[in-house]
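For reference, the structures are reproduced in the following blocks.
In the two assemblies presented below, subunit A is common to both, partnered first by subunit B and then by subunit C.
Now for the complex of A and B:
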């Protein structure tokens, strides 16, 4: 419906004129932040052009099949396990009433408070010679059959039991709020519970379930500590070996690129499956009403739901507490307190920086009046998909190059000897954390920001107040809860982070996660219990607190 | 004082036009209503004037200052235009005093001015209340006070009464426009309700599919609408097709379209053009009755009458002076 007078609107010339008019400083700032976040990936891509290192072809011949095979074994086995545990428990708590359902509903989230590598240490202790299982069995006068879990099967079990809550949370949300009316319709049509679940609810919930599953798989591919401890060769352990043992950055970069490729394939698969079948239509809505059952059935459900909670939380925590008592005297000293404070300090600084970046990214994109900028700004949150080890390598390359250039220039031009500016400093570490955890901060802030109607800031502007002041006076007070949850969530994630920290942490600084890893690597896994418990308890308290905060809203 | 010059705005990369070549002028102190169905582009038009949207083409000039064009854009906060949003958009974390004084930070007597404005809208004494403690009508008046407080050169009200029920709406409408007249501010208000427009606007601008259909004074629009569409906005109209013209035996200019307003049809009275009809169906509508008529030539029309007791067979007619004529 182009009109005579309007046709020149779409000429290139007038488009460019408008683009020039609409480009403001916010558009440029948004692009700058996205570029800053994307720098590690760009660095890896550029480095790829320099060709692989000497050992690359050796690695391709001997190890690559192992890396790929193990990674895919983990992807499939973990998918299977987390789907059964996550979807099954979600359906039971959303659909049925049984004893302690309310308590179990939030206990099921708690395994997320324990990093996978710590679950791995704990289970190694349970199944080891002279481990907790043997002690208990002997005490019960039963014969001990040793199960070796230090292999890829054990790794898949450990990763699944600690990561299934991602699937649980996303599918429970769907079961609770999205399809109640359809379920009622199905019941009214005389369709039984089993058939309703498999034929109706499961296909409907698929996008939500797969969204949770993708998060699990990203964490599986990100894992370093558990795989390393169980002696399973994966991409991340390969990257570490290339970087530290072989000292061949080029090979690490090639492995990183392959890993990024796998992750993005997963993301594309997730997007494709969402588009492929539009089941999340607006027709599905309504709360699900819980059904009561007979007493024995209710207790059966209770035990079914309890199993993953016991496996994922109580057994590892119990094992760690037992070890903590054995090693308290040795581990808990002044140095340890200093280390904890350092760890909390780094996590706090990082969460503040990351939340600042996320907030700026959200609002700069909003204030920019070019539509394309808004889609580009969302690229900034893809850092979460990139495994920590890869982010670390990606940060290492440009900062090292810059520092070398800087030292050289200072030396030749000014004759001043300087040290590294970024590399091996807190700056590089905090930068890497922000890249990786930007999405963790972005999502809660964005969702609260979306609840503030656009007309609120617009009316502030109409009253003569500019963007920035409007944000401080009007929007910030209204999105405070979102910002607070973002700070807490990033804080927890930084505290738990291992691979990235191992590569980038400054020499004289240590974190609880690294300390636990060092103990475990030095054949002192019992001593790893206290730093691990510190991480778990600091991660658990905010999870409960956040849950309360969200319920209050 | 306000001049809009062939403004165009498209969405979805030019696939749909919200506004096409819209032009009009507004005099100082006038109250202008922009009337149109939803999707006619009326909200887009006021958002363009406010600076919250950017035009693809054309320019907006207020008091000889160019606000929007393809090359230049004055940001909304620098335009000195007051905007009352459809959903009021009061700041939920501020009390009324802070809400109203928010835009007048540059004045010294900030507090007095805010209290004065609250007094003007009849809410003095409530300055310590928070928006959620107010009724819809009160929130509306706070939004008005807040928009008027910085002394804007132009006030825009976007669907100001659409969130209120019918009784409150009438009451508030007269209150709000009394206040606006008192301050003498030039005002534009958007509505889909022609009653709103007719009762308070000096001038009315009719938008359809992003184009200006007609702009005139309220009384002129009613008497001399320039299209069947405009006529039908201000009450039920019946288009006088060729068949109807034959039925009533009134030959009209074949090069033009014609219509007659429902209220100008008389039942069982003497008129210039008459015909007889059979009542097929009566629908009781409270204060009126809708009749489905079958005219003697077989044509069916539907009319509304105040008369609740109509016979099964009636005489229906109209006078030539009431016929509305539109250029084909």
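Now for the complex of A and C:
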């Protein structure tokens, strides 16, 4: 007994010694960033300790089964649809030549530019009584068949077509830049197109595909606007109900915790499957050369790729443009241009800040020699799993505590009356966005960073060049595309973000998403069309930038 | 690429500087202002804020969000909250703000004399600005007015598969449920909700306007809606919505008894309002005749100021007897109402 005990102590001691030896400033920096980003999550976790509210059991009895059922239905249905559309289109545009391929390549990203709740409103407008479909059919003298899309199937459809580009972008990057040599080899060995796709490409692209899919699922679980409008009860609508209708933040926090648990499980699953298939270095590389086909086949591919573009972009945008024409006089004015520029500026600042955090987090963790640090660094991306409104509250808890302390100290010690340092300023807003969207920046940077083999930076370091310099001179140019995609994805997300902006935005500043929401929540869905179109327009520019960049490389 | 980025950054900085300059000016000249947290985001409100600024020289700063989020924000900000006025679209939320100790009593002769007592808080913590009634919109061709009578009657078997009403997450439904609870007791209210769920033509979804459209599309015969949505539909930019609005008629329930359920959008002065005087002036302005006219005519709400006549359309619907239950009680019973909804399976 005694011996066993002392050996335990010994092993703990040796472990501690090893920890001490390996601890360097990088691991400390990593922890600092993770702490900073996870602060709101921790603030909410502390609230968990207060126990659930008295309505918790009421909720478990009456609603929880529905929440779980619907949320899992959405997870599975959306995964299925998003994988087919995202991976399918990525493969077609990366592997084959067909008419308008170049245009379609960036058109496929555009559905991301439309907030999913706007897509939901637009589709409801299409299938509604007196909606566009009915008008068109009436004009064609055809009988009108009512299709009800305001249910969970419709919701899964709407979320999938507005989110599949996440999977498209991540898997296309893989197909374009890494699959070339292998494909050439397999073609030389006489392996057919189908077989080489399913047996070779799909397994290799899995990490990239799953990374995109995880983003989609987090967005799906997070959706409030569309689910609420379509009358589907999910965890997120439940969080809002518990918090605001049942007046119990404690119960809402418990629901959030359950939701975070589900997301955690998804992330662990992804990590586990990544471990099984490691794709690094030169195992997979080389650009894919596109194959030409016969003319009819080329047009078939064109139409296949066009379908998700039409569903995810042209139909909702068409509906919005129709509404915009009806309401332009009422809504459009100079303020609108100012509003767009403000939105644009906020989104740009935030995306740069968030990408900086993500890059630092990834590289600090890499430079630290402690194994556990890398897993800890992934904690930083948890914010994406938490509904925007909850993140906002999570941000307010610590920053308000600081602000109040600051005001009191300034008053009592220096006799100066001051205002809030963080709350109601852009700082709090940008902080909250960074917490919420770190995952969006983290994934594309990490997946390009994984591709950079360690040997070059290692030799640079052996020659006595510091981590930072090595990064700037060698790694940064190699992961530039990943960083730029990260900037663009965060930019678009911030532009669309709603609940968090509503709570934290400063006086005098407004965003397009807030404006669109103001209209939509007053049942003036048509009037929301112009601000929505401005979001789409503003988000389209960087998408085209991104694509140009990818082509140049 | 670099140049563009730099350009954009410069532009952004310009904007943020402009904003901070504005702020600095404010503190230097002691410019008068009032900070408004509001759930109302109608065009008419913007117009009113500008009118107030012109008349008084007091700048109106606005934050728009859901009342729930605004209340949460105010309670977290505590004593340092910049909020002067809280405006919501229902009495329930104002009552919640009051019970969370976020509002303060205000003494203003103008407010007390102009607003009828059941439309304001007994302790003067909040005041109604506009009224809306929750009524039945029915299909002109399929339902005869004589078949309609009360909210309670909606539970009767004759409406099986005919009823269209939105989800229980909506505050207007919660307030209606709370009023039924107060008048008839919990037990009966729950039975009522269960029967209404049975009578629904489809699972609850969409907003009030969608319920009316569903009636016109033939999915059901009766829709429960707030009055001003009908006004807005009839004046919509979309010809199809106008048509839908014309296909239904309105019925004001419970005219023989307690009167039709109404709610108000209202305002209260924040407990820690840094500009209390301006806040009172602001609310007084909102119930002045000229402001109430704008509320009534552009947004189809009933004015609380009885000196102002409602919009022509509302006059066409005729006068009606309103439930004079003090609206504070709705807020007090809101949570219980939501729980009854859940138990009754009202999604």
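Quick note on the criterion: the second predicted complex is superposed on the first by the 347 of 553 C-alpha atoms of A that agree within 3 Å, B and C clash if a C-alpha of one lies under 4 Å from a C-alpha of the other, contacts with A are read in each partner's own complex, and residues count from 1 in each chain.
Methods note: a contact is a pair of C-beta atoms (placed from the backbone, for glycine too) under 8 Å apart; a residue touches a chain by one contact, two chains touch by 3 or more.
Quick caveat, the model's predicted, so the values are computed rather than measured.
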*Does the superposition put A:406 against subunit B (first), subunit C (second), both, or neither?*
neither
*Which holds for A:349: it touches subunit B only (first), subunit C only (second), both, or neither?*
second
*May I ask you to decide whether A:459 touches subunit B, subunit C, both, or neither, giving the answer as first, second, both or neither?*
first
*Return the chain, subunit B or subunit C, that is in touch with more residues of subunit A.*
C
_First, second, both or neither for A:36, with subunit B first and subunit C second_ = neither
*Is A:314 touching the first partner subunit B, the second partner subunit C, both, or neither of them?*
neither
_A:505 in the overlay: touching subunit B, subunit C, both, or neither? Say first, second, both or neither._
second
*Go through the superposed model and pick first if A:14 touches only subunit B, second if only subunit C, both, or neither.*
first
*In the superposed view, which residues of subunit A touch subunit B and also subunit C?*
none
*In their shared complex, at which residues does subunit B touch subunit A?*
6, 8, 10, 14, 17, 20-21, 50-52, 54, 56-57, 70-73, 75-83, 85-87, 89, 91-93, 102-103, 105, 143, 146-147, 149-150
_Residues of subunit A defined as touching subunit B within the complex_ = 1, 3, 5-6, 8-10, 14, 17-18, 21-22, 369, 453, 455-456, 458-466, 473-474, 477-478
*Which of the residues in subunit C come into contact with subunit A in the complex?*
1, 8-9, 11-12, 15-16, 19, 22, 35, 41-43, 61-66, 68-69, 72-73, 76-78, 80, 82, 96, 166-167, 169, 174, 202-210, 213-214, 216-217, 229, 232, 236-238, 240-241, 243-244, 334-335, 338-339, 342-343, 345, 347
_Contacting residues of subunit A [partner subunit C, same complex]_ = 55, 58-59, 62-63, 66, 124, 128-131, 135, 146, 148, 150-151, 228-231, 233, 237, 240-241, 243-247, 249, 323, 326-327, 330, 341-342, 344-346, 348-349, 389, 392-393, 396-397, 400, 403-404, 407, 419-420, 423-424, 426, 499, 502-503, 505-509, 514, 518-519, 521-524, 526, 545, 549
